[in-house]
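Chain naming follows the written order as A, B, C and D, and within any one chain the residues start at number 1.
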Amino acid sequence: MADTTTWDAEALRSGYLRVRALTEDLAAPLSAEDQTVQSMPDVSPTKWHRAHTTWFFEIFVLEPFMAGYEVHHPVYRFLFNSYYEAVGDRYPRPRRGVVTRPGIAEVSLYRERVDEAMLQLLDAGPIPGDAAMLVELGQHHEQQHQELLLMDIKHVLSCNPVNPAYVPDKGVDAGAGGDGARPATTGWIVHDGGLVEIGHQGTGFGFDNEFPRHATYLEPFALSSGLVTCGDWLAFMDDGGYERPELWLSDGWATVGAEGWEAPLYWRRDDGDWRVFTLSGERPVEPREPVVHVSYYEADAYARWAGGRLPTEAEWEALAAVEDTPPGSSGGLLGSWALHPRAEAAHSLFGEVWQWTASAYSPYPGFHPAAGAVGEYNGKFMVGQYVLRGGCCVTPEDHVRASYRNFFPPSARWAFGGLRVAMDG
Amino acid sequence: MADTTTWDAEALRSGYLRVRALTEDLAAPLSAEDQTVQSMPDVSPTKWHRAHTTWFFEIFVLEPFMAGYEVHHPVYRFLFNSYYEAVGDRYPRPRRGVVTRPGIAEVSLYRERVDEAMLQLLDAGPIPGDAAMLVELGQHHEQQHQELLLMDIKHVLSCNPVNPAYVPDKGVDAGAGGDGARPATTGWIVHDGGLVEIGHQGTGFGFDNEFPRHATYLEPFALSSGLVTCGDWLAFMDDGGYERPELWLSDGWATVGAEGWEAPLYWRRDDGDWRVFTLSGERPVEPREPVVHVSYYEADAYARWAGGRLPTEAEWEALAAVEDTPPGSSGGLLGSWALHPRAEAAHSLFGEVWQWTASAYSPYPGFHPAAGAVGEYNGKFMVGQYVLRGGCCVTPEDHVRASYRNFFPPSARWAFGGLRVAMDG
Amino acid sequence: MADTTTWDAEALRSGYLRVRALTEDLAAPLSAEDQTVQSMPDVSPTKWHRAHTTWFFEIFVLEPFMAGYEVHHPVYRFLFNSYYEAVGDRYPRPRRGVVTRPGIAEVSLYRERVDEAMLQLLDAGPIPGDAAMLVELGQHHEQQHQELLLMDIKHVLSCNPVNPAYVPDKGVDAGAGGDGARPATTGWIVHDGGLVEIGHQGTGFGFDNEFPRHATYLEPFALSSGLVTCGDWLAFMDDGGYERPELWLSDGWATVGAEGWEAPLYWRRDDGDWRVFTLSGERPVEPREPVVHVSYYEADAYARWAGGRLPTEAEWEALAAVEDTPPGSSGGLLGSWALHPRAEAAHSLFGEVWQWTASAYSPYPGFHPAAGAVGEYNGKFMVGQYVLRGGCCVTPEDHVRASYRNFFPPSARWAFGGLRVAMDG
Amino acid sequence: MADTTTWDAEALRSGYLRVRALTEDLAAPLSAEDQTVQSMPDVSPTKWHRAHTTWFFEIFVLEPFMAGYEVHHPVYRFLFNSYYEAVGDRYPRPRRGVVTRPGIAEVSLYRERVDEAMLQLLDAGPIPGDAAMLVELGQHHEQQHQELLLMDIKHVLSCNPVNPAYVPDKGVDAGAGGDGARPATTGWIVHDGGLVEIGHQGTGFGFDNEFPRHATYLEPFALSSGLVTCGDWLAFMDDGGYERPELWLSDGWATVGAEGWEAPLYWRRDDGDWRVFTLSGERPVEPREPVVHVSYYEADAYARWAGGRLPTEAEWEALAAVEDTPPGSSGGLLGSWALHPRAEAAHSLFGEVWQWTASAYSPYPGFHPAAGAVGEYNGKFMVGQYVLRGGCCVTPEDHVRASYRNFFPPSARWAFGGLRVAMDG
């Protein structure tokens, strides 16, 4: 998936160690009980994430490239396979949360043993390019699971009526001189349209779904300079946003009715005031913060209500490539101090919340999946989902770039999804 | 939706009569029992189609534009509303098949009364442009339901173990000098790519979803000159097409398992031979006929197996606009002699089977739904569906044009869906 | 199932003709559309009832006992088998309503052909005792379906928002000098308990589940002399009957919540007044009429609210055998003039409404199912159902006797189920 | 529920301590992960059992009877309420397994705090009779949950593909001189029938559902002296037991098809041999052991196949009261050495496996639930379930008596259900 053919062995090694350590850091505040539960079919247990990311290195790197390697436990091949048909059968996904053994101690041991073997392999001299590419892919794969781990544990913790916190509440820093009720979406970034190129530019890592870079034609358009905020969303709600079918896609309106939606996920009305569950526990909704945990259906309805529409992914990328700069590649989480979108950062195209686009997740012209089992990584999911762009407060920095394509079904709310509004030019 | 501002009153009147008459002709071979049943939630009863298309004229033309008009029956407003939220509540769609009254005689009376009123309105002198536009829209709407009526009744009849025929079997005319087993998809139509325009060209009727005409950029590609045939499909099946996960989108593979698919809808294995249920009853599968009643998932898997992919709708339209000519606008069904795709017509881009494209059903850049309740016609369904192009053997001729966008969910098989294969150029 | 070994050929013949004619009389007011629909899985289409009762004679009498008989249509064996595993496969029960062919005309022809053959058989001289027993069973079987036909079509018609009537409304005859609001359940019939005998006494027809007659021990008890009325039920509702969990069995309370029950089936609140759908269309609830279309769960909750309980079937039968006389055996429906329970008859133990008992439907001590396929008639349903006693306004008179055991699941409401209250003595 | 009015304070205290300690002993081998999971809606997590039994004492004893007592945590009232409507809302039962906090440490603390308060209450001098009755009830309640805890954790552990053991395997002790394949059900215990009394005799504790003792009339019958064994069951399976609809109740046969049953729960075919998962892990099926983990449907089908039927609960109790003696009242588990039914004990009426009876779970004549919230304990479940008698290898000894009524739905298999066969005399 990356275009590089020579590899910096030391960078590969240090990257490996850094990624592996962060996963364990993220799991550290969680009890064995927390790490075991699957609160809905889309969610995976923390200990499953820890084991599956390990499995990825074991099955795709150690087994094929390390002579004499024997798998840590024969049942793990089956138990921690996510969706790779080429690797064989899997434990049923919706049942991941009924597996109690291996427990967290055995998962830690699994991680240690695989790490030892990986370092042995990496330290034994140059590895083939294929192997290096898979080690790099495994790191980015584990980073994706770092974000999923946080999304998932947020959902798990929200099911506990005792209102637990994953991390301590650092307080809401609403920024200087702010006016809490003022929507932030008043400015616009304008694009003149025309033929543009989108897709990965070829330097650094990219997933197969970002390739090939290709031309696409845009009409003139504008994108709101700020993210839609909770204050904006409250105005939408006050104006009957969840009660007016004319604002909604037909499937969206059916979902509103079936699920009883009347606010974003994790919002709860308490004596007339709205409160929100965060990774630091529940607290009042802060109007100036970007809204998060809305579905595509809700984002689309909001944009229609606001007189606009969602941008396409090409529009978003064409702007992002020239208007903003990704925050870096430290490998840390973008918003690690808070794990919640910040009011003062609502104008960055990158980070805070993933931004729903109007684009169904489809292959780029000329797309070819990677060879081998990892070809199942992205391509086979290209139906029934929509693209989100930008990264969010729980995304590792390495996953923030103009060409990065995240994707979820239109009804999904447990991802950190928010939005910007676009207008025809 | 049409761009015309002056109307040919006589054409409007004769078109109205022609469309209304064909619906009744299509229902004529069906008993009261046949016309009442809903064999699955997607299917509507024949008598519902007959009443709903009448309701469309009553609610959108007569009520607003004919002074003193009183609705035929107050309950019908509720009973025959399909999905127009702006008109009010509806009888639940999956329960349409439990309504026995009004029966077919009362539905005939409803049609007659509304026809009388419509002719009175049309004959009373020029009607406003808005009204004329809605009369024209109502005709095209009813033509869509003519195709739906046939799709739906085919499904209904297929549930009868006595193997009924809607129309007599006229025999399979396999064409002259044919070689039954040879796949027809060997030739290719090549396109050099570049900036093209797609969308309705402005002359004649078009639905709102075909507008606005706009530029889009294509890479070079080729499209198979013939439709994929049953012989091709048998080769796919013989090669394990329904048993190899690597050929399928993930959702498609899950559907294959959940539904137990092993052949197109309406195919049945009988002592090793495949037979197919048609509107003329069941008969052997004919290898040279275009395959039909496959889902997007199956079409996509086939294309991958064949080493290609599905075309995008822009690719299809760019070719269709220059390579072929729609068959006319008589208002009759394209394939009325047989109601089944014909082997000898497999090279026409238009007709025989709707061709799945790789394009999710999305608004064109600058799309705006029509004003008023009919704005719900298309736009609100632009999620979770894929575009099909070309028309099929049960499509009225007026619905065959290069810019026409049909759409169904990726798992739908009861539409007359087939495919062509595309290749990167 | 009957204990008779000699048969009155003429009675068998005239009984056959009488039963067969009544079924057709009951279907006569119904259109082809009405006769085709299945409004929920428990309901069967009218034309299915007409065909299935015919199938019963064809498969169990003509095929085995009439030399050279050939079945009317080979597919009917499969299509009109209800649940006889010994006869082979069946068309899936919940899909009976999607079968449009044979239509009502072909079903009429089927009935005629089988009637001709049956009369030929019966007129050809004495038939074996086995055959005679099956002819008699077939008549009682068809009578059961006469009641089911009316229960089922009532549900079908109730789904039509045009408020249709199966028979004309003859008006509510509330009886002389009545006080509409006064509950009728004020008197009690007392039983001293002790060892009693229940079960069929051996004279006349009985189903296998009524045998053998056997001893059972009763504690002293009392049974309300009148049926619970709509007025009683309104008092229960006004006292929070559907909102107080302490009145309900746990499964019943869960069903109240899941189904949103707040009144008997077919009741609808209209501007504060309760109206009820009957086979003569909708009209106001009449407080002095026996309440009907309540489930076991509701009957049980009502009895608890009233300070009593439901009677066991042994208690009911012990009283009925001495306190009342079945209305006759004309073969006509009990309440044929109205098809709705009558206020003035609320003190008869037999008729008006089936009375829920506290007894799970279980085999009597020493029970043995009949030999052959008809052994599947009753025994295999002896789990998960409750016994009702007495007969109702749409029951054929022949089905009214002290030992008759009707049975339905505790959540069923579309049967004509009502209740009496019992008290410990 | 007990008839005693004076209480032995010391016995109450020591009983309390003994019961509370055993629960903790049973949980001791289980990890935090094991204790958190709910493998199906019927199962509750171990830590929930530990907390709920504590809640019972807190809500029903401490709150009403200990002056100044404040609940340990306000959310626990809601979280650990099982089904007591009178206490208020509950956390949804099927979601018990997504609660991670309180974790096992906090549950341990909850138990300690409530134990301290209970001892303070019990040591402060005589408590009212009402309170004493509830303390005793709470002990028996906790003993029921000890059995449930083991049933439930067996199901949880069985979902782990690593084949875990709750306790070490002590080996199968098949008894001396046994013939492994010989069915044990060859002897019969005969009863002459007549008027008998069943129900609790009044000495010692009993649940409300065992009262009042009352007369019932029995026909002569016989009961197999031994439990049905795995060898018997293999013969049933070999004879097509799971493939012959004529052996099954209709609902049972539907369940066989829907669930794909072909052997008891926890049996797995491995290369032609049957293996069984136990609380000591998986091992070969031992033909002489009593069969266990069969549903009512299966027990009923087996009895029919064997030419008999299931006994009624009155038959069982009438025999048990004279033919056998309960094993004692140490409070320990009956089969604590193995937690699996033993071949050599298959002739005891008490213990090894709960024996399905043909009796639907109904109130005894004159039954009245206990006053107050604990009146919800038994009565409201008296629908849709069948009675099992005798106790099993994971039942506390105190729960083994002739009048004890256990009950489960007819499809339940995770209880330790087996059977004896009865015959008409």
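As a working rule, a contact is a pair of C-beta atoms (placed from the backbone, for glycine too) under 8 Å apart; a residue touches a chain by one contact, two chains touch by 3 or more.
Values in this document were obtained by computation on a predicted structure and should not be read as measured data.
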Touch-network distance, chain A to chain C, counted in steps: 2
Most remote chain, CA-based centroid, reference being chain A: C
Distance between chain centroids, defined by C-alpha means - chain B, chain D (Å): 59
Cα-centroid distance, chain C relative to chain D, in whole angstrom: 38
Distance between chain centroids, defined by C-alpha means - chain B, chain C (Å): 46
Numbers and ranges of chain C residues touching at least 2 other chains: none
Overall pattern in which the protein chains touch one another (line/ring/star/complete/other): ring
Inter-chain touch pairs (all): A-B, A-D, B-C, C-D
In the complex, chain B residues that touch chain A: 83, 85-86, 195, 214-219, 245-246, 248-253, 296-297, 300, 309, 358-360, 362-363, 365-366, 376, 380-384, 410, 424
Residue numbers on chain D that touch chain A, as the complex places them: 31-39, 47, 73, 75, 78-79, 91, 95, 97-104, 156-157, 159-162, 164
